[in-house]
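In what follows, chain A forms one complex with chain B and a second complex with chain C.
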Partner chain A sequence: MTTSSAMPAVVAINTFREAVRDRVLYNLIFFAFLMIGAAILVGQISIGIERLVIINLGLSAISLFGLVMAIFIGVGLVSKEIEKRTLYSLLAKPIRRWEFIAGKYAGLLLTLVVNTAVMTVGVILALCYIGRPYMPYDKEVLIAVYFILLSLALVTAIALFFSCFSSPMLSTLFTLGIYITGVFAEDIRGFGKITKNPAIEGLTKVVYYLVPNFHNFNAIATASHGQLIPLSLIWQNTLYAILYVAVVLLAASAVFSRRNLK
Partner chain B sequence: MSSPAIEILGLTKDYPVGFWRKRMRRSLDNLTLQVEEGEVFGFLGPNGAGKTTTLKLLMGLIFPTSGTARVFGRSIDDVAMRRDIGYLPEQPYFYDYLTARELLDYYARFSGLGAADRRARVEKNLERVGLAAVGKVQLRKFSKGMLQRVGIAQAILHDPKVLFLDEPMSGLDPVGRREVRDIILDLKRQGRTVFFSTHILSDAEMLCDRVAVLHSGKLQGMGAPNEIVSIELLGMEILFEAAAGRHLPAALLERATQTGARYRIEVPEADLYATLDQLKSSAARILSVTPVRPTLEDYFFRLVKGGPAPSYAVEVGAR
Partner chain C sequence: MSLRAKNRPLWTALVAIPFLFVAIATLQQRIDAETRPPDNQKEELLLPSGALLKKLSMGYDSLFADLYWTRTIQYYGERVGTRHANFDLLYPLLDVTTTLDPNMIAAYRFGAIFLSEPLPLGAGRTDLAVELVKRGIKENSDDWALYSDLGFLYYWRLKDYPNAAKAYLDGSKTSEGPGWMKLMAARVAEKGGSAETARMIWTELYQTTKDPNVRKWAATQLDGLAALEDESHLNVLSEQYRKLFGRYPASTKDLRDARLLAGIPVDPAGYPYAIGEDGKAHLAPESPVQEPKF
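And now, the complex of A and B:
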C-alpha cells in the first residue's frame, strides 16, 4: 500500500497540475511585462533610487499576486471538490481525510513557491537591467521574499481551514478579514491600550494573540533600503509560521474528518 | 466460517433540517442486510429512498447516526479496507482538466500500484469501457455517458473484491447499458461481489442474484428477483391470429387488442381452457400462451404509490 507520506504527495502534485492546467500561472506573464516596463521607466525617471523603486514595486507585486492566489485558490481547495463531487470517488480510495487536507495544502504551497520563485527571478532581471552591480545586502531581498512566502503559507492554511466547512464567498471574507486584522495586529493592540477600557483592552489583546501577526513578515521596506534583517527575526518568523500552520491544518483536518459530504 | 462480503447492521442516518437544524429527518432507518461473496446484489428504490445515503455511509463519505457495516469482516472506518472495494458515485464528476488516462493513473496511485502495472491497468480498463481511443482527451470534453464509463473504469481499475455502483446505467445509451451489464456479469464470473443501486428494474431482474427494495429509508423486501415476482399469478396472456374468412366470437373480440393480424388477450387462469376452446372452434391460430406475473416494476410502483407491500416481500425480507 502507498504509505501515508506518499498519499499527500499524490494529491499535492495533482493540485499543482490543476493550477497549471487552469492557467493560474498566466499571471506570471503579466508580472514579467510589469517588471520589464517598470525597469525601463524607472531607469529613465528615478536617477539614484532605481534599486529602491524596483525592489519596492517587485516585492509588493509578488506579495499581492501571491495573496490573491492563496486566497482565491485556497478557499476553493476543499469546497470546490465537495461542490463538484470530485471528492466522492477519491475518498473511497485508501486515503485518510487528513492526508487529503495535507496534500491540497502542499499542492497550493508548491504552486505559490513556483509562482514566487519565477517572479523573484523577474525582479532580479529588472535589477540587472538597470545596470546595478551586485551588492552584499541583496540577500535581504531574498529574505524578504522568504518572509512573503511564509505569510502566504499562513494565508493558504487559513483559507483551506475555512474551505473545509464554508462556502468560497464566506471563506474569502473570513480569510481576508483575518489577513487585514493580522496586518494591523500591532495597531489594534495599541488602540486597546489607548482606550484604557479593560474590556476593549482584553478583547484587542485576544485578537492580537489569535490572528497571525503579518506585520512581522513585511520586510519589503527594510530590503529596499538595503538594511539588514536580523537572523533572530528569520528564526522567529519561521518557527511562528510553522507552528501556526500546523495548528490551523490540524484544526482543518479535525473539522473535515467529521464532515458529512452530502 | 468466512465473513459475508458486505454486512450492514442497523445502519441509520438522520440529517438535521430547518434553519436552526434542530429537527432531524431520517434518511435511512435501521438497515440490516448481508451480501455474500460472489453475489450481484441490486439495491432498488425510488428517488429519495435512501440508496445513495447507504452507499455514502458504506464509503465513509457520511457518518451513521447509529449502526455499522463491515466489508469482509473489516469495519467501514478502516481505511485499508478500501483497497478491496471500488466505488462509482451517482452522476460521477471528475477533474476535468485531466485526460481519462491521467485520471485513471492518478487514482491507481492510491492503490499503491507500480508505474508499469498502472500503465497496463489503465490501458486495459480504458479498452474495457470503450474509451481507449479518447484516452488523451481532457474530461471536460466528455459527454455524461463517457464520464460514466470513466467512473466504472476507475472503480474496477485496482481489481477490487467488492464493487459498489450507484446507478451505473444512468446516463448511458442502450449500447452503453449493455456494455455495463456485460462488465457486471464478467465481474461476477470472476467471483467479485457487486452491490449496485438502480431504478432500472429490468437491469436488476436480469443481473441480480438478490435484490433489496428500499422505500422512505426502510427496507421493504429482500430476496431473489423471481422470489419477489413469481409467486402471484395475475392471469394468462394468449397471442393468436384469426383464420382467413372466419369470424371470432364477439365476446373475445371485445377484450382483445389487435396489432396487425395478431390479437392479444389476457384472461383469468380459470377461464384459460374455455377461451382456448372458443379460439379452437373459430380455427384461430394460437401463437403463445404466457402466464402474466407481477414484474419487479409492479412491485416497485405499488410501494411508491403507498400501497401495501405484498406479504411475501416481508417474509422474504425477514430472512
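And now, the complex of A and C:
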C-alpha cells in the first residue's frame, strides 16, 4: 500500500509513463536526424567553426524542443485530468491537492530531464563525429545544458500554474507571453532607463524583478566559444530557479486547493 | 477536508511569496553584477546582414525593422554621455533597420546626425552617415528632408559647400520641397562657412525633425550659435569701452556701469558672459553651452 508521503512520487512516475505512452519522446528521432544531418553538412560548409556550429545548433535545439514540450504538455497537466474525469478518482485517494500538483510537476520535469539527457548525448556524438578530441572546456557545454534544464523547470512550473485555472489554449498563450517577457526583461528595464521618467523607470524595474529572467540561463554562446562559466553563476542560477519555481508552485497549489471541481 | 486544511496552501502562499520575491530580486542583482558589468558589455549583433534577415523574416520584415529601430534607439540611449562611449554597432543597426524597411525615414535622419556627431555624443563617422543618407535618397527620392540632411552633412561636417548647395537644390526640386531649400542652396554656394547660414540649417532641422533626440541636439547647436552672436556684439561694445576709457572692460558689469549695456547679459544656459584680458567675450567656464567651431 502506498503511504500518503509517497503519493507525489507515484503521481510523478505516472505522469512520466503517460508522456512516454503519448509518444512525447518521439521528438528525439527528429533531433537525431537534425544532429546527424548537421554533423555531416557542417564539415562541408564551414571551415574551422564545426564545433561552434554543432554546439550552437545542438543546444538551441535542446532548448527549443524542451520549451515546446514544457509548454504544450505543462498546460494540459491539470486540465486534461479534469477533462478525462480521472482527477476525481485520483483525489478520492489519500492525496492532498498540493501533492498532486507537486507530483505532476515532478513527472513532467523527469520527462524533460530524460529528453534533455538523450539529446545531450546526441550533441556529444555529433562532436565526436566531426573528429574533435575531448577538450577541457567541453564541461561548459554540460553547464549550458544544465542552465537550459533550469529554464525548462521554470517554464514547466508556469505552464502548470496556468493549467490549474485556465484552458490549455489560454494557458499556452499566457505561458508563452511570460516566457517572451522574461527573455526581454533586460530590454524592458532598458526602455525605462531611456525614458528618464522616474515613474516609468520604477515600473520597468519592478517588472524586471517580478518576471522570470530567462536571460540568466542563456549560456549557449559562452559554451560554444569555450568561455568559462563561473561557479558562482551556477549556484546563483540554481538558487534563482529553485526560488522562482517555489513561488509559482505555491501559487499553483493555492489556486488549485481552492478550485471548485464540481 | 476541513476549511482550515483547504485554506492552508493559500495562506502559505500569501505569506511565503513576498519573501521569496525579495530573495529573487536580491539574487537577480547578484547575477546582474556577475554577468553584466556595465563597463564590460560585449557588443554583438547576431544577424548583421539585413538582406539575410529580410529573407528569414518571412514577410514580417517591417515588424523586424521596427524591432531593430527600437533596439537602435535603445543602443544609442544607453551609451550616450557615458565614459568611454563607443557606437561601433550604430551603423550596422541602422543598416539592418533600413535594409528591412527602406522607407523608414526616421532611421536615415537619426543616422545623419548621430553617426556624424563626434564622440562621445555620436559615432564620429560622417562617411557612413553620408552613405546611409544617400541610400535613403535612392530609396525615397521624393523626400526633401533627406536632401536637407545630406546638405547638412556636407555643409556642417565636411565643409564641402558646393556639394551641400547641390543637395539643397536637389531637395528643392522634390514635389514637396520647401521654398527655403532653394534659398539655402544659393546661400550655401555664396556664403559657405558663415554663422548665419549655419543657424538657418540648424533652425530648419529643429523645425522639421520629429525625433526628440535630434531636436534636442539642434537646440543645443542653436544655443551655441546664439552665444557666438552675443559674444560678437559684446566684442563691439568692448572696443567702444576701450575707446572711452583707454582699457578693456574687466567684465560685462563694467559695460553696464558705462551704460553701454542695460543689464548683465547671460548665455542661453543663464550664465553671465566673461570678458578676457584681450577684450574678447567668451562663455563662463562653468557654462554648459557648446559653441560650434567654424
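Quick notes on this one:
Here is the rule we use: the second predicted complex is superposed on the first by the 257 of 262 C-alpha atoms of A that agree within 3 Å, B and C clash if a C-alpha of one lies under 4 Å from a C-alpha of the other, contacts with A are read in each partner's own complex, and residues count from 1 in each chain.
Going forward, a contact is a pair of C-beta atoms (placed from the backbone, for glycine too) under 8 Å apart; a residue touches a chain by one contact, two chains touch by 3 or more.
Just so we're clear, the structure is a prediction, and the values are computed from it rather than from any experiment.
Of the two partner chains placed by the overlay, only chain C lies in contact with A:D187; chain B stays clear of it. Of the two partner chains, chain C is the only one that A:L243 touches; chain B does not reach it. In the superposition on chain A, A:R258 makes contact with both chain B and chain C. Contacts of A:V118 after superposition: neither chain B nor chain C is touched. Legend: residue contacts after superposition of the two complexes on their common chain; A:L233 is shown touching chain C, with no touch to chain B. When the two complexes are overlaid on their common chain A, residue A:N213 makes contact with chain C while staying clear of chain B.
Judged by the document's definition of touching, chain A residues 258 lie at the interface with chain B and also at the interface with chain C. Residues 97-98, 186-187, 190-191, 193-194, 208-210, 213, 216, 230, 232-233, 236-237, 239-240, 243-244, 246-247, 250-251, 253-254, 256-258 of chain A are the ones that touch chain C when the two sit in their complex. Contact residues of chain A toward chain B in the complex are 1-2, 6-7, 10, 14, 17-18, 21-22, 84-96, 258, 260-262.
Interface residues of chain B facing chain A in the complex, by the touch rule stated above, are 15, 56, 59-63, 79-80, 82-83, 85-89, 91-95, 97-98, 106-107, 109-112, 151, 154-155, 164. Every residue of chain C that touches chain A in the complex is listed here, in rising order: 6-10, 12-14, 16-17, 20-21, 23-25, 27-28, 30-31, 34-36, 71, 73-74, 77-78.
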